[in-house]
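Read through the structures below before going on.
Two complexes are shown next, each including chain A; its partner changes from chain B in the first to chain C in the second.
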Partner chain A sequence: MAEASEKIEKKIIDEGLETGSKRLTEERIEKVINEVLSGETGARLKSYTDTCVHCGLCAEACHVYLSFNRDPKFSPAGKVKRTIGEMIKRKGRVSPEFIKEASEIASTECNVCKRCAMYCPFGIDTAYMMQTVRRICHKLGVTPLYIQDTAHSHAVTQNQMWVKEDEWIDTLQWQEEDAREEMSNLRIPLDKEGADFMYSVIAPEPKFQPNLIYQAAIIFNTAGCDWTMPSFPGWDNSDMAMFTGDLEIMARNKRFHFEAAQKLKVKRIVMGECGHAFRSVYDVGNRWLSWSMPPIPMIHAIEFYYDLLKAGKIKIKEKYKKSVTIHDPCNVVRGRGLHEMLRYVIHELCENVIEMHPNREHNYCCNAGGGVINCGPPFKKKRVESNRIKADQISDTGAEILITPCHNCHSGMEDIISYFNVDMHIKFISDIMYEVMEKQE
Partner chain B sequence: MIDFNTLYNFLSGPMVWVTFIIFIGGSIYRIWDLISLVNKNEKFIYSYMSWKYSLRSIMHWITPFATTNWRKHPVMTVVTFVFHMGLVIMPLFISAHVILFNAAWNISWWVLPEGLADVITLIVIVCCIIFFLRRLVLREVKYLTTASDYVILAIAAAPFVTGFFAYHKFIDYHFWLILHILSGEIMLMAIPFTRLTHMLFAVLTRSFIGSEFGGVRHAKDW
Partner chain C sequence: MTNSANWDWGINDKLVADTNEWKDSYNWVEEFYTSPDGEKIAAVVNMDEAEFNVCVNGSAWEIDTPFEKAWALKFSQDNRLTAIISADMAWTVAVDGQLWENTFDYVWDKRFSDDGKTIAVAVQSDGKYGMSVNDVPWEDMYSFITCMALSPDGKMTSAVVQTVDLAQAEVFKFQEGCYTVAPNGKAWSRNFVNAWNMAFSPDGTKVAAEVRHNLYDYTIAVNGEPWDQIFGCVWCPIFHHKKGTVIAPVRTAGAWTMVEDGTVIWDRKFTQIWHQMVSPDGSKLAAVVAPSYGNWTIAVDGKPWDTTFGEMVSDAVFSPDSNRIAAVATENEKYTVVVDGNAWDQTFDMAWKPVFSPDSQYVASKVEKDGKYFIAVNGKLWGKAFDNAWEPAFSPDGSRLLCRTIEDGKYYRRVVPVSDIVS
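For the complex of A and B:
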């Protein structure tokens, strides 16, 4: 397997990495690395590099290492050694070829899932170091092509998928119209000032999965919510710029998102079932804008569904019958501790829940998150094979359905179940809720 | 050729002062340097820090088997804890050291019974051998290992090995005694300037990640 992985790596050609690295000179590399190291990093990087005793205890944490037959170069500290460790040691004097490889390692062999931070006795945060590598590579213009394209889309359209403003509005109206056949008084209220909450989604929803907006609309209308969605940029909460290291674009997008809510004078933001977007709004983007917490109250769909069910605003007709298992998304579980709420919601909706192991904070990452799946087709095979451990983990449950409230987890695990022939279907919470809830009319 | 007494008097006199000045001064410098780095680029770290979550994290990680990863590596856990405890307890409570303090400043405290001290010394040496073998044998450790890792292991093992030989008057007591004092001093002086710094930084890195997990992520970090 380890040899297989090496073969795959050799074959991968990514236009972004190839073209970007060809433009580099050693002087430029040295300058940029040292600029980032001295201007943007500090005590964390210093203490991590000086404290790591090379004990290898973090290896156990990483699904990439575990899936690639425990090949040490894929362990968290192994990836540090192959990237930022070397950059620091050589004081930035590395070759364009090295940068190309470092970019591939940081962007496609690490999901910045932070599981390893829970396994290192010193709490060394390898995810942070991989993000620093991505930042350096971004500044050098060496980022995988597909994810770079989404970052460009963020820069131009303020959404991840090049969705034009009229397409966005059209999609919402189309979903509203369809849903009215099921619920005649249903509305998807656009730009309603002073609503209780603004619902924000990631751009792949209008682009590929508008049914999720449909389902959300049915749920909100049934629960009698006072809600709205912006018709203007700021509706997309997703953030691939955060993962390419394009922190300026990240910050700009977060500002659009927060300002949309402020313009609409809503009391809070409710986010759809997405993990990375939550990380960006709750932990990363807000901090770049100097808010230690989001400037307006903001909750994830899990918290919102939890409240609806607790308050009895959504009633269950009959619980879901098929056996289900829960995948805890890193960004809302290890990132926000929503695992118990998630379990409450799933147990309210489903009859037969089987836990996968390890679970909660210790769950293995889906290997799609952290922008890895967004690096696109060139890396697909490598990505899927580097999460064999996940395939084993979910198929061990024997469940028929896998529920996960995160888009990246969905797409990543779709690929895993098809590649490893796991007999399982994947659903969002809202898919199940929509199916089992009592609806008006 | 310098005679034993001159060398002994130098190493156990002025050199002790030099050692402590370098060790304490160096440690203060390293921590001060780290804090000034926080102030330079990462002031947000202060907004994370929480005593409660720092202590929660530290307590879990300094308790054997209290974390998932300690439980996953039982041998390493026992070896690590025994080794580090030996490293701190031995120099402070071994009778020969307390006698020196007594002679110098007329102070004294509880000492380890000699037989027990001897056993602990051997255990620490065995721990060092296990650490050494780990680096040679385990793939994930071998891959990360650099020459400096062996050097610091040797620095940490030396006071115990030489102390053991000196105590048992192996061939030439004076030879081992001199080496013992020297290696102890080297170890202390190396702490702020090698990877042994983990002794100083561990509390800080754990506090940070503990605070981040507790206060922001609302998740456990163990």
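For the complex of A and C:
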């Protein structure tokens, strides 16, 4: 393994932060901060900021802090102090340069993974505070360029990747046609009213990884599922607007998503292997709209595969031989408690499973989620270097394959294993399931 | 509106087709669709690799060459059968087996006017996007299109279009406004950061849409002119069909209320408001609302029903006499129909949009329970269970109900006295 950098070598220039901050005035900053603090936060933020006793227990929970040689400024409490803490203390009277730095801290040095909240003796949720900083920075127009572009895509197309409506349908039909080479009567049923479930994915799948839709179609057809996908907007469950603090666009997209399912009269929504999208549909986006729980049951792919295997609807021809380890995505493990189901699924599919440590809800974050990887190329080196601890953790397993049912984890750890020369490949559950399952001719 | 007066209401049950026989004729038979009058049942069928056709009442469309692909099968309200098809590597619309003359690189989002006489689709050729209406494409095409709409009378189409080219990650150019609305393909002269979800005035002279001036300021624009009032968020506007005013839910200071031409008309706020609708006589305005977090119901002129539901209220509809409202409500993953704030006694695994009888006395709905489909009227289930069914329709005099059902693969058109179900 390569040695991790001890510091960020040079200042990162991001056009979104630079241009956005240059447009600010101190009067506008003060007005916006106080509007958000008084109008959009309440007892929750106050209790967090008033309760923290600076015990430092959160620090050891943070992969960024651990990866940067325990520099206190990268601890959760340190990041709070450098951002929302100062905003509150100075009653919003901070400079444009401060906002630029606060935006970079909140958007690229915290994955809102909530591991620190689990170790805080008071349960202080630093992720909530970092999200509040992002909301303020969004209101001030100072958000990293690439994730802002993604939020714009959500606003225009209701998907994350500027996928046009015809491209979406055409991709599904193309995957259906290709999959018929393998399974002659396979279907990807579009707009099938009254199906048991709507399958929803994130936009990178039709854009860059259509093989995942292909694999899902093979799995669902083999298992005899009654399923559908919408031909219209609402098919994408992802949500970078949630992470930029553009909560109105977040909500608009979640409305599209749930109303697509409602229009199709499905009984539930099964979503692909994505973590942040689960957070958006199961926790944040639905609640902004006043749905205290998803109005149509949401099932993550882990739960769905678990059910298929338990019910014997998918049979395993021969278990996967290579040694595998499991990375637990924050949003479906700390956020939903699916870690034991995940292990059941992996053990059903794989012969040699090596746990990384710590694991389950204590696992370290991938450092890609929470919108961090979506901040794009300017921050890539910093992002990778600030997760040396993850590289050490997965390298120590000696496993050949890392399985993680989350797109952000997947992409983030591809970068980590490449940068730190870890000899490992990364797969989704469906990659393995597709490979080892019994298939119909 | 569906004209059911000339449908055959004088019979009881009619076996229209035995779809079991279809399965022997084709590799596979896709989802079934039935005509509004119940006289036809159809499905996309596969004959061989990349060879598709449409089968209606057991007979395939007479076409020279099988389609490479057929999807989006649907009957129009005037009982014509339409599909989006690919033939000779080009896409178009097929209506009762006849193809439109114009072909495109892709076709999707098929819509019908209320009477079914107008068919509109979104089209793309050579990377340019627009709409085609009854086989007449828009003159102006755009680099991007979304939120396509067709007016209920079929006289107007509209979509959100992109009028300024954008390269990757040009976020500040985006925020200057690159999108607008194009009624009948002619873009408004003014751009917005975003525009969504349009409504058409009943006289066909106006189009209203949700717009965003920047990343924060939302309002409604009518014929390209935004209201002066700015809101934190807005949802889809509607036109009042009697007064011609524009009505929309808006969010201010973290709560939702209703505005008409920009002025607040409801004296209370909600945690959510959407799907507003004006009664047929124009006297009432109702909407799906959340009076408090996580509780859903219907509000009429700003006054919510006492009964609330924890998950969802949808598919609301006014009665013809404007005095009643029915909707679908969900609680604990079970569906029911709620009428004037009173939920039916039974719950279901799914319930479809309710329909009122012409005299507003009866409410009928298709419901699903334990994998079987039923027809229910005023909360009472008709005793027959079906493998599949479609939404029921009342006869013009309200005494009979048209039920379209499949049992053991056999499709029946059934005309049932309402009294048989409710008694």
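Just so it is clear, the second predicted complex is superposed on the first by the 432 of 441 C-alpha atoms of A that agree within 3 Å, B and C clash if a C-alpha of one lies under 4 Å from a C-alpha of the other, contacts with A are read in each partner's own complex, and residues count from 1 in each chain.
We adopt the following convention: a residue touches a chain if its C-beta (ideal position, glycine included) is under 8 Å from a C-beta of that chain, and two chains touch if they have at least 3 such contacts.
Quick caveat: nothing in here was measured; it's all calculated off a predicted structure.
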Touched partner set for A:S292, first chain B, second chain C, both or neither: both
Which of chain B and chain C A:E165 touches, first, second, both or neither: second
Touching partner for A:F208 - first (chain B), second (chain C), both, neither: neither
First (chain B), second (chain C), both or neither touched by A:E361: first
Partner chain(s) touched by A:C55 [first = chain B, second = chain C, both, neither]: first
Chain B versus chain C as contact partner of A:A155, first or second or both or neither: second
Chain B versus chain C as contact partner of A:K139, first or second or both or neither: second
Touching partner for A:L190 - first (chain B), second (chain C), both, neither: second
Touched partner set for A:R336, first chain B, second chain C, both or neither: first
Where chain A meets both chain C and chain B, residue numbers: 39-40, 292
Residue numbers on chain A that touch chain C, as the complex places them: 15-16, 19, 39-40, 138-139, 141, 145-146, 148-149, 152, 155-157, 164-166, 169-170, 173, 177, 180, 184-185, 187, 189-194, 231-233, 246, 248, 251-252, 255, 262, 265, 267, 289-293, 295-297, 376
Chain C residues touching chain A - in the complex, by the definition given at the top: 27-28, 30-31, 46, 49-50, 69, 71-72, 105-106, 108-109, 122, 124, 129, 144-146, 162, 168-172, 174-175, 179, 193-194, 196, 212, 215-216, 218, 232-233, 251, 253-254, 271-272, 274, 290, 293-294, 296, 310-312, 314, 330, 333, 349-350, 352, 368
Chain B-touching residues of chain A, taken from the complex the two chains share: 39-44, 46-48, 50-57, 59-61, 65, 70, 72-73, 75, 77-78, 81, 117-125, 283, 287, 292, 333-337, 358, 361-362
In the complex with chain A, residue positions of chain B that touch it: 34-35, 37-38, 40-42, 44-45, 47, 57, 61, 68-69, 72-73, 76, 80, 134-135, 138-146, 149, 195, 197-198, 201-202, 204-206, 208-210, 213, 216-222
